[in-house]
Amino acid sequence: MALTDVRVAHTEEPKHAPPKRPKFWLHRFDTKTFPYLMVAPFFVLFAIFGLFPLLFNAVVSLRHWHLIDKEKNGWVGLDNFTKLASDTDFWDALVNTFGIFILSTVPQLLIALMIANVLNRKLRGATFWRIGILLPYVTPVAASSLVFAVFFSRDNGLANWFLSLVGFGQEQPLDWRAGTWSSWIAIAVMVNWKWIGYNALLYLSAMQAIPKDVYEAAAVDGASPWRQLWKITVPMIQPVVLFTVILSTIGGLQLFTEPMLFDENPAQANGGYDHQWRTIAQLIYRVGWSDLNLGYAAAMSWALFLIILIVAGINALATRRLGGGK
Amino acid sequence: MEQFGRRALRLGAAGLVAALAITGCSGKSTENSGGGDSTITLKVNFWGDMGLDQLKTKYEAAHPNVKISLNTGEYQAQHQDLQKKLVAGSGAPDISAVDEGFIVQFREQADQFVNLTDKGAGALESKYLPWKWQASKSAAGQQIGLGTDVGGLAMCYRTDLFKAAGLPTDRAEVSKLWPTWDAFLQTGKTYTDKTKKKFIDSATNLFNPILSQQPVGFYSEQEQLQMEGGPKVAFDVAMKALDSGISANLASFQPNWDQGFKQDQFAVLACPAWMLGHIQKTAPDQAGKWDIAAIPGGGGNWGGSWWTIPKQGKNVDEAYKFVEWLIQPEQQIEVFKTVGNLPSQPALYKDPAVLDYKKEFFTNAPTGQIFASTAENLKPQYLGKKNGPTRLAVENVINRVGQGTLKSADAWAEAVKEAEKAANS
Amino acid sequence: MSSRLLSRAPQDTPGTWKSYLGLTAILLVSAFPVYWMFVIATSSDEAVMSSPPALIPGDQLMVNLREVFTMQDVYFTASLINSLIVALAVTASTLFFCSLAGFAFAKLRFKGNNVLMFIVILTLTVPNQLGVVALFIVMNELGWNGTLLAVIAPGLVTAFGVFYMRQFIGHAIPDELVEAARIDGALTLRIYWTVVVPAIRPALAVLGLLTFVATWNDFQWPLITLNGTDYPTSMVALSDLASGNYVVYRRVLAGAFVATVPLVILLLAGGRQLVRGIMEGALK
C-alpha cells in the first residue's frame, strides 16, 4: 500500500475531498472495522484453545469416553460425577493437593513478605538483590524438581546428609518419599523455592507505592519496624496480597510438575506407592493418558475447576477480612 | 534498556519467520520420506536393552536405503505410549516390542496391527514354541507379533559376597541351598545376620518370579481376577521376606537400584534371561563376580517379548523385512550372546552356539543350558488384558510394606483392593 | 532529598547488617539448587553416590554432556531446538498480537471497546490448564497432536499480554501523537508501526521475556501432547531422561542444567526488565 504520499486535509467530508485523500471506504474501514481486526486474534484464539476446550470438557464429562473400552462410549449423564463422589482416589488426591497447597502457600507468602520488607529498605545494590531472587523463577520447574528429587533421595541424599549433621536419622535414613508428611514437605519445599522471590517482588512493588507520610504519621506513635510491617504495610498492600493469594490458589491446586517428577519413576505417574502425594492434576493425567478414560478425566477437571473457584473465593474473602479487619 | 528492546524485537521477528519455515519444512520432509527410492527410517520402540545396537549397524550396512532408529524407554511407559498412539491413529513407531504382560491387551486390538500371516509369517510357526506363537494371536486368528525371547527363570548371585558370608559359591552347591522359597529366605536370614547387609534387592523381585511359577496368575482365561490363587502364594513369600528384614527395598530399574548394585547392597537377584543384560549394563565392573544358580520352586517364565508392527506405519513392508531378519537364528543367537535374551525357537536350544555358550561376565555360567532346559518344559500362564496395570498396583502395595508405611499383616487386603481397582480401571 | 520527612518510612531506612545477611542467605538458597545441578552434572557416579554427596564441581561435565546428547531416544539436541522454535514463535506472536490489540483498546474508539476489554480481563481468571482433556481431543481432530503446532497455537496470544500492553500504551503514548499521525493521513496499521512500536519497546522487552520464560518452562501440556514423539520440547526430553530404565542422576541433571542455562543467560541479560515486568504486576 502506497500510503506514504497520502496527505489528508482537515475536513472529513468525502465530497470535498481533494484528489489525494484516501478513499472514503478505506478510511471508514480503517476507523470502523480495523480495530475489531486488531483485537480479533485474541478472541478467536481464546475461543478455539481456551473457551471451547473448557466447554467441550463439560460435554466430554457427560459421556463415557474411553479410548480402549469403546463399546460403552456414549452419553452417560452424570454417571462420571457420581462415580467421582465415591472414588477414594479422587478424594485422597484432593486431600494431598490441599495439604501440599497449604504447606507451600503459607510459608511462601509469609517469607515473601519478609523479604519484600527488607528489599524495601534503602539498600546498596538494590537491583542486584532483586534480580538474584528471581533465579528460581526463571529456572524450569522440571529442572528444579529433578534436582530436588535427587536432593531428597533416601540413600546418599543431600537432605538426609544435612539432617545427619544435626544428629537425625544416622542409623535409619529418612525415606522422604515413603511418608505422607515427608513427601508433602519435600514437594512444598520445591514450590516455595520457586515462587518466593516472585511474590516478594510483587509485594515490594506494592510497598513502594505506599506514600511515605503514612509511616510518618505512625512514627509519632512509636511503631517498631515489626509493628510497622503488620500494622501499616500489610494493610496498605492488601489488594496485592489478595492477588497473590488468588494466584497461589489457582496455581497450587493445579500442581503437577513437582509431584510428577518427584516420583522415582515419573513415567508411572504414581505419586508414591500409596499415591500419598498424588495431586488432582496428576490423577487427571493418569486417568486420561494412562487409563485413556477421557470422560472421567474431564469430569475430574470440572470438579477441580469448581473447587478452585470456591477456594479462591473463600481465600479472597478471608484475606479481605483479615487485612481490612480494624 | 531501549537497546535491549530493539534487539529483542528483531530477534523475535526473525525467530517467527524461522519457526514457521522450520515447522513447515519438517512437516513436509516426513511425508516425503515415505516413497520413492530415498532412504526410509524404521523407528523401533522397546525398553531396556534388547541387544539391537550391533544388529542395527549390520542391517543398515546390508540395506543402504534403510535407517533403523532405536528408541529404548521405560517398560510401563513404552506400552502406555503404544496404546496412546494406537487410539490416536498416528505417531506409533514402525516396530514396537510388546511384553508378555501386555500382549493380551494388544492382541485384543489386532485390527491396529499388521497381520503378519498376510506377510508370510505363517511359515515361521513351526519354528516357535507353540505357546509363544499362540500368545500373540487374536481370537480371530490374526498374528500381531513375532516372538523374540522367553524369560525363563534362574537366580543370579554375587560369588564374592557369598564367599565373604561363608556361603558356598559353586553354582551347584548354591542351588542346593534353596530347593524351596522357605529355604531361600532362611539362607537370606543367615546372610543378613552374618554380614549385616541385605540379601535381596526388593520384595517385588521375589513376587514376580514366584507368581510366574504358579499355574494361574492374576487372571483366569475367562478374564476373572483371581487373587486367592497364585498371587496369594507369591505375595506371602514377599511379605515373609520383608518381615525378616533381608530386603534392601530398592525399586527395580530406578537410580537407587543401580546404586545398590554398585554399593553391594544386595547379593542375589531373581534373573530371567533378559535380566542378565540389565546386570551387565548396570554394573559393568562386576564382571566375574556374578554367577547363576537354579531358582527355588521350579521352572517358570517371567517376561519375554514380541515384535509387532502397528498398521498406521508408512513402511510396514520394510518393517516386516527387518523383523523377519531379526528373528532368524543367526540374529537371535547374537542377541543371546550380547545381552542374554533367550530365543523362543526350540531348535536353537539344541544349537551348539547356544548350548555350549558360557557367559564370562557370570563366571562362565552356561547360560544356554541353564535357561534352555527350563524354557522347553514351560507351561505358560495366561496373562489377562489388565495384567500390566494389575501387577503395577500390587507391586505398589508390596513397596509400601517395604517402606514401612503399611503393616505386612494388613497388606494382603490392601493388595486385593488395589488389584480390583486396576482390573476395573 | 528526604530531609523533609521523618526517616521512619522503610524506603528511607538504610539496611542494617542483618538485612544484608538475610538477603545473602536468601540468595544462597535461591542459587543452591542451580549450583548443585551443575555440581552433579560435572560429577562421576562415585562422587554422586558418596556420603556426603559431591558439593564441589567435578571434571566430568563433557563426559556427561556427551552421554546426554548422544542418547538417541531422548532427542536432546532436537528438543533444545524445538523449545527454541516454540518459545520464539510464541513470544514473537504474543508481542505482535498483544501490542496490536493493546493499542486498539487503549487508543482507538470503537463500539464495544470497554465491554470487550472487560471480557479479556475476565478470561484472565480462567485456568485453561483444566481444559487439557478437551484440548487434546481438539488437537487430535486438527491432527496436530505430537507436532510443535499443538504447543505453539494455544500460546499465540495471551489475555495478560493484551492487558499489559493496553496499560502501557495508555500511559506511554499521548492521544495527540496518534491524532496527529491520523491527520497526516496515516492508516492505523502505519501508526502502530511508526508511532506505537517505537514507543513501547521497553514493554515489549518485558512481555517478551516473561513469555519466553513461561513458554520454555511449560511442562504439562507439552508432556501430554509431545511425549513419545520425535519432537519433544526440552522439558519433555528431561522427563524422558528421568524415566528410562537406566536413569543416571548425573546425566539427568546434566540435561537439566543445559535446559536451564539459556534462562540464566536471559536473567543476566534482561534481569532488570524481568524485575520491572513482575513489579508492574505480571502474572506468571
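Lettered A, B and C in written order, each chain numbered from 1.
One rule holds in what follows: contacts are C-beta pairs under 8 Å (C-beta built on N, C-alpha and C of every residue); 3 or more make two chains touch, one makes a residue touch a chain.
As the structure is a computational prediction, the values presented were derived from the model and not from experiment.
If the chains shown are joined wherever they touch, the resulting network links each chain directly to all the rest. The interface with the largest number of contacting C-beta pairs joins chains A-C. Distance between chain B and chain C, defined via averaged C-alpha coordinates, is recorded as 40 Å. Rounded to whole angstrom, the centroid-to-centroid distance between chain A and chain C, based on C-alpha atoms, equals 14 Å. Contacts with at least two other chains are made by residues 156, 265, 267, 289 of chain A.
Annotation for chain C: residues touching 2 or more other chains are 49, 243, 249, 272. Residue positions 73-74, 77, 84, 253-255, 259 of chain B are each in touch with at least two other chains. Listing the residues of chain C that touch chain A in their complex gives 2, 5-6, 8-15, 19-20, 22-23, 26-27, 29-31, 33-34, 36-37, 40, 48-53, 97-98, 100-101, 103-105, 108, 110, 113, 116, 119-120, 123, 125-138, 153-154, 156-157, 159, 162, 182-190, 213, 216-217, 219-220, 223-224, 234-235, 238-239, 242-243, 249, 252-253, 256-257, 259-260, 263-264, 266-267, 271-272, 274-275, 278-281, 283-284.
The touching residues of chain C, counted against chain B in their complex, run 45, 49, 72-73, 84-86, 88-89, 91-93, 95-96, 140, 143, 145-149, 152, 197, 201-202, 204-205, 208-209, 227-231, 240, 243-249, 269-270, 272-273. Residues 1, 3, 6-8, 10, 21-22, 26, 30-32, 34-36, 38-39, 41-43, 45-46, 48-57, 59-60, 114-115, 117-124, 127, 129-144, 146-151, 156-158, 161, 193, 196-198, 201-202, 204-205, 207-208, 210, 212-216, 218-219, 223, 225, 228, 233, 243, 247, 250-251, 254, 256-257, 260-261, 265-267, 281, 284-285, 288-289, 294, 297-298, 301-302, 304-305, 308 of chain A touch chain C in their complex.
The residues of chain B lying in touch with chain C in their complex are 1-2, 4-6, 8-9, 11-13, 15-16, 18-20, 22-23, 26-27, 43, 47-49, 69-75, 77, 81, 84-85, 88, 90-91, 253-255, 258-259, 262-263, 278, 281-282.
Contacts from chain A toward chain B in the complex involve residues 67-68, 89, 153-156, 175, 177-180, 264-265, 267-268, 270, 273-274, 276, 289-293.
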